[in-house]
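Take this structure, written in structure tokens, and hold onto it; I'll ask about it next.
Chains: A, B, C, D and E, in written order; residue numbering restarts at 1 for each.
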């Protein structure tokens, strides 16, 4: 069975990739997906630790995170839809009318 | 606590009144003067100073009985920690002498002024100021009395600055006149500021005194003085000397006095000849023990006096304004006195002070009468309504200066009384026996002969020049033929003016009797205060020389100015006369060395430095913040990804800190 | 004594009663508003006289103390604590005396938004009185900061054309200093466990470690307020832009708050540091004296001239304080009052002229003494009193200050005193120049022929000032009798510290 | 051993799909990559002995959520954004930070994560659905209720944000 | 198992939640354009819950198997949340009508958000904290965008949403790491585990990531950048509510987690907090100087105030000061709540359709035309600056006192200097209101004015008689774990 830090390492990599996705992509939806990726990285860490400690709390956490993620998706996508309605675009770089 | 019975002679209890009579007069005039008119005003003022004179006489009589100094406590003035200064009145022969001079001569001048100002205010077209004049005048008597009756240096200083103020007010009495309208005001300011420079010296002297002797009372200080460290005394005395040069118009601070002639003539007579300017001499005499203790300081005083005497006399030669001549002559005579007290001949100094008060007041007043005559003549000319062809060069009448001796001449026929008294005064000034000036000056020369021959020479030379410009003045004013229509039409002044002149003339004539070589009346009188010095005996040859010098000077004057002339004869001496005439460019020098630099500095500070530098630095912080705000605002560029980037930056730096710590 | 009707409470908060009344009047009832304001301030003055009568003569300690806990959380204890000693009593009287005069001077010069003006003015009085009476550092700070607000509005709303700049500058300058003071107060309060002045005085060891920094923090606040060179640049702007009553109070009272702070806090709480700092403070003071004199000599605007003259005069005050001997300190307290009277009067006269001609350029005048003899004469007296002529108030203060500074062992050199004495000469120069340019000389400007003579109301504002000016000048004993015990107590404190340091 | 091998195969897929998701131009591809990624993660969950979570992962995430994503992408007409990066330096900065982050994380997280020994075998019945259910409804009642609230909010939000408003009565705005 | 005690303990929150649903249902019946009714109902609910929470002050309790804890701290914060909720409704009541945005869900979402905040104040387990965070954030995302199709509102929503989710990802990962380090997610458990040797590096990084997340919520530099844009774009009542509620919630989480669960690692975290506090005070105040839009200005000022509060929290690890750190922070939150809500009320009163009346120069002449708005605004500005006699002064006073007491005089000095800077931009508003002439327009909105006046009165009166509030704050302790 692979040692704990393999899994943590993997989750860190996932987290970083997600982070980079947020920083690099301009399509709001893709950014949002990257965020989901980051959530998953966290989940993976939770599960791994939970297994390591033989402790349910981690898994519970993941369960709730999933639901929250679902909720956020609903709201987020709704938001993007409305924005797309008014702007005909979800390029976050064009959404910068307020600055300074 | 006004009248205290703790005093030997009840008369002494009266002493505060020498201050309060003038005060009463002042207040009365201030409150009712305008309503009750000139006669009332004049009378009140005269009575006020007259009453002061009466009190002084009573005090003198009291002292004659028991001549030892008396202090009449009046009120506690300042008391902080170990510092205390009370307003007490000091009655001793010295102060009483001054009181007599001040109030006596003062009263006469008051009488004279009642009439003179009547004419003057009308001539200058503002009768309203008649009252103001006498208010100032009473104020002056008041301040002068405070000065001479003070029992400590602080009260003396109060009077000292008080008279300075009066001089300021009276010089600027016609504040809208003078060269391009502001001249008189500027002269007044000059007088005050220059005096302040002197006062600075006196102030610091007082500080040193207090921290050295723990008190400012004359008795305490003078008692402690001989024992004190010579260094301290030297500082004190030299600083005092600075004060003296300011108040008594000695080198280097004499420059204000000539300009002070902008004031009405009675002012010049009372303040700038008879009384105020002699305060310096009084101060030195008062502080005699201190000066005696430091020969160096004495020498300094002596030299300052002697040089001033000569220097001013030379300038007097070059003046054409009748009052300017007298002004420089005053400076020169003050030089004699200062030199005298510097030599330790305090009696001689005081003696000359008194006689000078008589004859110089006389001279100024009669000069005033001359001026009145000239003005009257000029106005008469206006009445005639046409100028004389041959005087076209005078320009129109407005341009004619009633004080310029070149416009006079032959007045002895027009104004005989004035001429006679003026003659007496001039001869006394020149030092012709047996007039008062002769004796007093002689005593100074004697003292000089004892102490230092160079000084003696200087003083004799000064005496010669004195006699010479006196002669010149007499010739220009009273002899020869009238040089202007105004002079032709000049008329004798009324009794109210001439009577005081006559009285003063008598005093100037017989004033010498005060301290005749035989009697030494004044000497013995002042000894009670100044301590015994060896009486100045009468050295015949010296007296002869002095008299000879005087006569020679007068003769020269007659010789040069006896026949009419177009150009000033002395101009043949070329640059020398220009130097005399331009007062050795002293004013210009001061302007270049003091006034202009100060203006420059303050202009720089007010402009570039204060508003430019300091303020910029102060506001700089604000500007900086506003800049930063702009720069940092750029980061807030509206791009979500930049914001996310900043978050990551934060995260990463925290993690780095935690990892590398 | 009942706290609410305690005389000190009354004298502090009586103006607020006036504020309440005015708040319920309508803008249109100007006359009434003015009278209410005047009445309130006069009543306050009356109460302060009552305080004077209650004050036991010759006492050196705090008297009539009113104490009540204001905020108490264990060690975190802030008191409502008022009290007077000779020094604060004198300044209290100055404040309550100048306020009605300034209000009276606003009678015709302030014609718009009279209501708010009077409200701010009375609020300001409460603040100033509180500053002089507060004996709890936090309470003091509260009053101290509070005074900023009304003055800010007085300058900003009723000021001249650059009023906004002046108001903000005034606010920020003062605030920058007082924030540092706040930090110091906090530190002391924490280390000594109390903010009460008496208690802090009792155990100075508690914060002795940081006393240098604390001294500097307080000094920063007060030096800006005084203002000391080179922190003075807010003053000319504030003075020039402020309306006449504002200038009078600003110069007359608010600058004294700084000097008073030095006296009450720096000297009393950090005597050792004060002794060490004395030469430096004296140096700055002397620079201020000469600098202010030189700069004001070059001004063309009357108000600016007077403003810079304040820099010079307050230099004397600071010099006297840090002479740290009886003469110097007593002199400078008296000089605070003198400056309040003289400069206040100067601003009043300038205001009168401005009200008539709407210019403060001296060049626009000249020779007006002929037109307004009475005003001219009064101005002359005021100028002379400001120039320190014997017989008038200025001299007494300056003389004692210089006497003290010259001989102060703590300053250590007579030269400061000597240099400062030069300032007396320069004062004569710029003040007489002011008088000459405005009142003397020929009447060139034809418009000035129509210049109106002083009105009875204006006379009523000036006469009281002049009376006190003469009183102090001729018979200062009363004032020194009031001051000396407190001053000597303070000086003794400092001197022992100085001795201990040698 | 085989287990570790399995892990590495999964890991490669996970990282690969993650990168694919971030890098692919077309958002549809990104979505599909993400589906694959989630599925693989689910497998890792199984491997880690969390069958219930794994199931949830597949249904909720890979199923529901990602379908939602695809719907929206389709709805908005899967736009492809131009290549050029409008923010100067964003890429470099991002990559640099990512590098630093991952190294720092490796140093202070991964290598310190726990014992280097392989994970022990789970206790019998650990994280069985029953177990999960029990914990969920005993200890975790409050969070459970909270999530319900969150979901409700999400619903409301979605409606509020997307509903097409019926034309408002004219002047309803300015009832002054 | 769940007992009635648990229910009772959490009653205020439950009431809020239920009431939110109630509002939703009722709103269906309320005709368009008369959504005021919904507002009134919402107010009733808030008041009700307020009463309940105040009633709780007496008895601290642990509820839901240690998931939640009821203590003075929670009560104090709840009062702040509910008060800001009331103010939010009061502002929205007039604003929404005026802006023609009568959406009944508005109030429901407001209540849900408050539910989340209150849950946060009770939270005693990281899972609850995470959920509460989401529960209070998601409604705020929606509320920010609720003025759609106004593009700025939508933009604000999107920015807030993306960055908010980004930050919750960090919170989540941090939680994971803490779990990895301690095997626990409940705060008491974490404290307990700290007594035994734990995996410190993980714990530290985890804590740091939590700090990032909370820092984002309280808008601490450098996690603040969403603030100005969101504050500007969101409808003003929402912003006002957010500026107080969300910030308070963030600080609630911060204090709860760090002061109760993680005092053990204070030594390592303190420097980070120090840097955050300093940066936040400086950057917030400095950038605010350049702002012309009142909403942006207030946004930056809210950042700056977050900095001041952080400053007081820096010495939280120092046992002698912890109590004061929390108390002063709570006190300041109260002071800030009054001031900020009042200020936003004035902003709402002056905001016109299509975004007029938001530039500071447009406030010119306010003093003459609307004294009832101008005078309170002056008071708020002074209170923000910290000039007595205002509550803001006491707030800062207490904060700085804590910092100095904790031995961070340097930080206090930075704070004081930056508040000097702040004086400049706060005064600028006063300058325009009183020193410049102008013709501002304010729609008649009684409730807004009411809010402004009431908060102004509170700011003054509570500063003159500060003892009660102080005492309450100092007694509103975290339940010792």
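Here, a contact is a pair of C-beta atoms (placed from the backbone, for glycine too) under 8 Å apart; a residue touches a chain by one contact, two chains touch by 3 or more.
What you are looking at is a predicted structure, and each value in this text was computed from that prediction instead of being measured.
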Higher-contact pair (C-beta pairs counted), D-E versus C-E: D-E
Chain located farthest away, centre of chain A as origin (C-alpha): B
Relative to chain E, chain with the most remote C-alpha centre: B
Cα-centroid distance, chain A relative to chain B, in whole angstrom: 98
Approximate Å spacing (C-alpha centroids) for the pair chain B, chain E: 79
Distance from chain E to chain A - Cα centre to Cα centre, in angstrom: 26
Separation of mean Cα positions, chain C and chain B [Å, integer]: 38
Contacts with two or more other chains, residues of chain A listed in rising order: 8, 15, 18-19, 22-24, 26, 31-32, 50, 52, 60, 64, 68, 71-72, 75, 79-80, 82, 92-93, 95-100
Contacts with two or more other chains, residues of chain E listed in rising order: 127, 131, 134, 138, 141-142, 145, 148, 157-159, 162, 166, 177, 180, 201, 204-205, 228-229, 290, 424
Multi-chain contact sites of chain D, meaning residues that touch two or more partners: 86-87, 90, 93-94, 97, 101, 105, 108-109, 113-114, 140, 143, 147, 150, 153-154, 157, 161
All touching chain pairs, where touch follows the definition stated at the start: A-B, A-D, A-E, B-C, B-D, B-E, C-E, D-E
Touching residues (chain side chain E, partner chain A) in the complex: 126-127, 130-131, 134, 138, 141-142, 145, 148-149, 151-152, 154-159, 161-162, 165-166, 169, 172-173, 175-177, 179-180, 183-185, 228-229, 232-233, 290-291, 296
Chain E - residues contacting chain B, complex: 158-159, 162-163, 166-167, 170, 201, 204-205, 208-209, 211-212, 215-216, 222-223, 225-226, 228-229, 268, 271-272, 283, 286-290, 421, 424
Residue ranges of chain E touching chain D (in the complex, touch as defined): 1-2, 10, 17, 21, 24, 32-33, 63-65, 67-68, 97-100, 102-103, 105, 108-109, 112, 115-116, 119, 125, 127-128, 131-132, 134-135, 138-139, 141-142, 145-146, 148, 157, 177, 180, 199, 201-202, 204-205, 353, 443-444
Residues of chain E that touch chain C when the two form their complex: 368, 382, 387-389, 393-394, 397, 400-401, 404-405, 409, 412-413, 416-417, 419-420, 423-424, 427, 430-431, 434-436, 466-467, 470-471, 474
Chain B residues touching chain E - in the complex, by the definition given at the top: 622, 625-626, 628-630, 632-633, 635-636, 638, 640, 642-644, 646-647, 649-651, 654-655, 657-658, 661
